[in-house]
Amino acid sequence: MAEFFAMGGHGFYVWGSFGVAAVFMIIEAVLVVRQKRTLVQRLGRMVRMNSEVE
Amino acid sequence: MSINWFKYSAPSSFYPLAGKVAPWFAFTAAILFVVGLYLSFFVAPTDYKQGEGYRIMFIHVPAAWMSMFIYIIMACWAAAGMIWRTRLSSMMASALAPTGAIFTFIALWTGALWGKPMWGTWWVWDARLTSELILLFLYIGFMALESAIDDPRRAARASGLLALVGVINVPIIYYSVQWWNTLHQGASIKMSESGGMETSMTEIMLWTLLIMTFACWFYTIAIALTRVRSIILERESNNVWVKEMLQGER
Amino acid sequence: MKWVSSNISISVAIKVGFMFAALKCVISRDLTLAMRHRSDVLTTVFFFIIVVSLFPLGVGPEAELLRSMAAGVVWVAALLASMLALTRLFSDDYNDGTLEQLLLVPQPLALLVFGKILAHWLISGVPLVLMSPLLGLQFGLGSDALIMLVLTLLLGTPVLSLIGAIGAALTLGLRGGGVLVSLLVLPLYIPVLIFGAGAVEASASGMGAQGHLSLMGAILILALLLAPLASAAALRISVE
Amino acid sequence: MKWVSSNISISVAIKVGFMFAALKCVISRDLTLAMRHRSDVLTTVFFFIIVVSLFPLGVGPEAELLRSMAAGVVWVAALLASMLALTRLFSDDYNDGTLEQLLLVPQPLALLVFGKILAHWLISGVPLVLMSPLLGLQFGLGSDALIMLVLTLLLGTPVLSLIGAIGAALTLGLRGGGVLVSLLVLPLYIPVLIFGAGAVEASASGMGAQGHLSLMGAILILALLLAPLASAAALRISVE
Amino acid sequence: MLNIANLECVRGDRQLIADLSFSMGEGSLLHVHGANGSGKTTLLRAIAGLVLPEAGEIQWNGKSTRKLSEDFNRELLYLGHHYGLKFELTGYENLRVFAKLGGFDVSERQVEVALKTMGLERCVELPVKVLSQGQKKRVALARLMLQPSKLWILDEPFVALDVAAVSQLLDMIKQHVADKGMVILTTHQEVDVEVGELQHLHLGSH
Amino acid sequence: MLNIANLECVRGDRQLIADLSFSMGEGSLLHVHGANGSGKTTLLRAIAGLVLPEAGEIQWNGKSTRKLSEDFNRELLYLGHHYGLKFELTGYENLRVFAKLGGFDVSERQVEVALKTMGLERCVELPVKVLSQGQKKRVALARLMLQPSKLWILDEPFVALDVAAVSQLLDMIKQHVADKGMVILTTHQEVDVEVGELQHLHLGSH
């Protein structure tokens, strides 16, 4: 196991590459989904409030 | 992808369509990533020359390819938006830019981490590396311009124009950098290693690379579709169909 | 009747005449404005000179090192100086509302924009070209390389103004426009920089620079054709 | 009574309290304005990165040559980036009339100016410092030299903002302020550049850089004491 | 001659103008009323072609103004909140530039007369920058006397003018309408603009 | 309380104000008249300390305003041709900044009430940049309700305001004078500012 993570002495480089790539892609995915959700909430509130006024 | 984009070029009909297909792309991407990562770490054999370090290739090369593809696609969308004045096109362009920038950054980052053990340095001013760096600047310029303009309609038109100017310039930049580097053959380290790699690439390595690349493709499509849905909502929030849809939701 | 009736279509010859008059007027207007503040013209050159002179201070005085970086440093400084002057290309007109009025002039906007770019080049580009041999001498360049430096700058600085105009038009009225424009424009300048500095270095090391020069000429022609149109489109977007 | 009567002299403690509140308010106002357009903060850094990356393109990719000019290039680029951001320090406030109102605030003007400079440094200086090691790596600097690069920039960039503020205040409202300010300010930057780049080179070649650093510290203290006062005086002249 | 059909203008997330239609013929004046922020400036800029409307059509002599572009510009004189003067040039120079760019010929004498009529005889040699607010406005208005455009679009033209200048401007507007010109204007001041075929347009209840 | 003695102001080669002396006490209003370019703005800026007079003395409670500097600024509210607003901030944020810098405490509620009184309730969340000309002016005027200054100097405060806003502002001015405040203003519009101890000052015959 430890040997696997050591990557023949190149562990830092290999895991640094895949790790950062994974972190960026996961963060992007989470942000995109969240942005969509909050936007729907915000606009929904606006639409409802306007329809109450009318 | 056999979707007829033009049929769905109206945001109101594209919005639900994108919502339906995006999860499937995301799902496929996840499976491909699992398979690709398994192959990269447990199946692909150790490289006789570079040892285990070469496994960085399985993320580096797909990211580098994606960074270039996405820019071209983005510019095509922007051009379509300027020429046919379809609203959806410029929205697609803005939806793609952040993902492209992220892949560019990943390519640079993984390349640097690969270069240190292989070449003994994080960075050399090689043509390929330099043009990738310039590509990052172009992405960032596009996004900075878009975020600096408050009015979303104006932002879309301005950044679309910039992408269009960029598309004419990118090949010029690419070849000039290529030429710049070959004229000065003084670099202490050259990229000739990669040429050596091609021959040593086994079939399984090639397959792994392809699967990782497809995973990135599907990831990009899923992300772009989701993001374009947000953009559609934001820019079309005045339209009746958005209001009716939001009224229906909850 | 007091006004030109819209029913009478003006003959083409007169139209072209008016177009030339308008072009001349834009150019002379911008030149007059620059001359009202003569410091404007001088500051670009001085910026150029100072940036170039900063390098020996930062890098150290070894003559060999300085000679080998001369072409690059002069070209980068020219890039920065011309870019810095750019931020003012449209922004003054934008702030005082004269740009709005330019959009309402009965002439093709791209033509007026071309006039403005030309005036800008005369004010900020030409002085750089004239000053460059002196700076090249300071870094110990030979006479062949000096001539090549002037030639490439002569071909290259108009391209810088032309491409830069697009960036300036796009960032009009945005906060932090000055820095933003550099972010948009500098990456697009790279081919000009590479061929320009490359030509000087090639001729300094005794090689021919014909190829570089013809490429720069091609880029110039492309920019002349496309940049005014793109800038005009960008202006329409920005004024809204 | 609705207003504070001028006859009651406010106690010193309250006065100092108000002064701190005002200082905090100026800083947070400017930071808010910058954050409204997050691109503002980022563009300065990117300008810095792009300018540094232009040099290899102009000079050529030889690693040895690049290493020997690294300190100079990074420092010159930091100078230019911080100077470019300067033009906006007072000009936005001047154009929309808020500067006029700042002059009418019942607080020492030098204090408000200090707040604005501090905010400016936080926005434009600190990101440069944070980004510099990466650029040093690209040019192949060793770890000692990298640390020294960060240190000197940390001491030097506030000086750049402080001195630059004087120039920005003096050229306020003049056409072509952007270029003019660089003309006034760059010569004053030279000592900072020489000591900053010198320290990095000294430590890259294994020598101590203690002397350079303490000189830079002295310059910083001097600038902290004098620059806000001088800028305040310059502002009063410019607004009239 | 000017036809507006189903015009719709949106700013940010607010719909300022919805389904607006009207038309004006020769020798008529349109006075646009409305509270602050009701969209008067937006409407005027849309007609001038400076703002892209969300929907609707603006026609001049039956042709879309967007398509006419330069030909429509020749018939148009727009004066907005900004005066459109170069502050470094004198009033005289500013007017000459307008004339050359607009493609209409004016003699030195005509420009001088126009400036004099606006009461600027003492300021001809000064750059516009140092003039007072009202004097700047007067320079901008001097264009009305020189440019042979049929359609004047004036956004709050009376602002910053003293009593003498206001009545002078009123005379000019009346004369233009009497000469079969067309004027669209907004103003919050109470001025007497009863002339020719007068229309009133009231925008949004804020 | 405000004393002006032998004031002289020169712009370029023109002497705009020569040997002007007057004084104002609590609860009084000074209306400065004059044609365009007669020097009204110059006078107001000189009193506020933004223009250095050529000669003469400006005193507040018997002390030179130049010497008082910050202490005089505390008593002063100047609104000129520029509104002094940051266009990127909302109206609410702009007013908070004024309050903090001026060293007077206002609650969130007070600011909201002031904006509402000026009829801006629908625009609190918008950056000032996108507001109409009149709405911008209203934001600037909301300061009058928050800042506890005794001397108001208002250069053409009625410009760009619609009828409702003009009468609102008039009420505020009258209230301030009745509360023993002092107001100096210029305007070309005909408005009814008869209140308290009213003085008129006529500047130069152009």
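Order as written gives the chain letters A, B, C, D, E and F; numbering starts at 1 within each chain.
The rule is simple: a contact is a pair of C-beta atoms (placed from the backbone, for glycine too) under 8 Å apart; a residue touches a chain by one contact, two chains touch by 3 or more.
Here the structure is a predicted model, which means the values were calculated and not measured.
Chemist: Any chains in contact with both chain C and chain E?
Modeler: B
Chemist: Through how few touching steps can chain A be joined to chain D?
Modeler: 2
Chemist: Which pair wins on C-beta contacts, A-B or B-C?
Modeler: Per the contact counts, A-B leads.
Chemist: Give a one-word verdict, same or different, on whether chain E and chain F use largely identical residue numbers at their interface, taking over half shared as same.
Modeler: Same-residue interface.
Chemist: From the centre of chain D, which chain's CA centre is farthest?
Modeler: E
Chemist: Could you work out how far the Cα centre of chain B sits from that of chain F, in whole Å?
Modeler: Averaging C-alpha atoms per chain gives centres 56 Å apart.
Chemist: Using the average of all C-alpha atoms in each chain as its centre, how far is it in Å between chain B and chain D?
Modeler: Distance between chain centres, rounded to whole Å: 36 Å.
Chemist: Measuring from the mean C-alpha position of chain E to the mean C-alpha position of chain F, what distance in angstrom results?
Modeler: 30
Chemist: Between chain A and chain F, what's the gap in Å when you average each chain's C-alpha atoms?
Modeler: About 52 Å separates the centre of chain A from that of chain F.
Chemist: Hey, what residues on chain C touch two or more of the other chains?
Modeler: Within chain C, the residues that touch at least two other chains are 33, 36-37, 174-176, 180, 183, 186-187, 190, 194, 240.
Chemist: Two-or-more-chain contact residues of chain A, please, as numbers and ranges.
Modeler: None at all.
Chemist: Touching at least two other chains at once: which residues of chain B meet that condition?
Modeler: Within chain B, residues 134, 137, 140, 144, 148, 151, 177, 180, 237 contact more than one other chain.
Chemist: Under the stated contact criterion, what part of chain B meets chain E in this complex?
Modeler: Checking each residue of chain B against chain E gives 151, 237-238.
Chemist: Taking the touch rule as given, give the residues of chain C at its contact with chain B in the complex, in rising order.
Modeler: 166, 170-171, 174-176, 180, 183-184, 186-188, 190-191, 194-195, 198, 202, 215, 219, 222, 226, 230, 233-234, 237-238, 240
Chemist: Show me the residue ranges of chain D that touch chain B in the complex, using the header's touch definition.
Modeler: Listed in rising order, the residues of chain D that touch chain B are 37-39, 42-43, 46, 49-50, 53, 56-57, 60-64, 66, 137-138, 140.
Chemist: Spell out the residues on chain C that touch chain E in their complex, using ranges where they run on.
Modeler: So the residues of chain C touching chain E come out as 1-4, 6, 18, 21-22, 24-26, 29, 32-33, 36-37, 93, 96-98, 100-108, 112, 239-240.
Chemist: Spell out the residues on chain C that touch chain D in their complex, using ranges where they run on.
Modeler: 33, 36-37, 39-40, 43-44, 46-47, 50-51, 54-55, 57-60, 65, 68-69, 71-73, 75-76, 79-80, 84-85, 87-88, 92, 95, 174-176, 178-180, 182-183, 186-187, 190, 193-194, 197, 201
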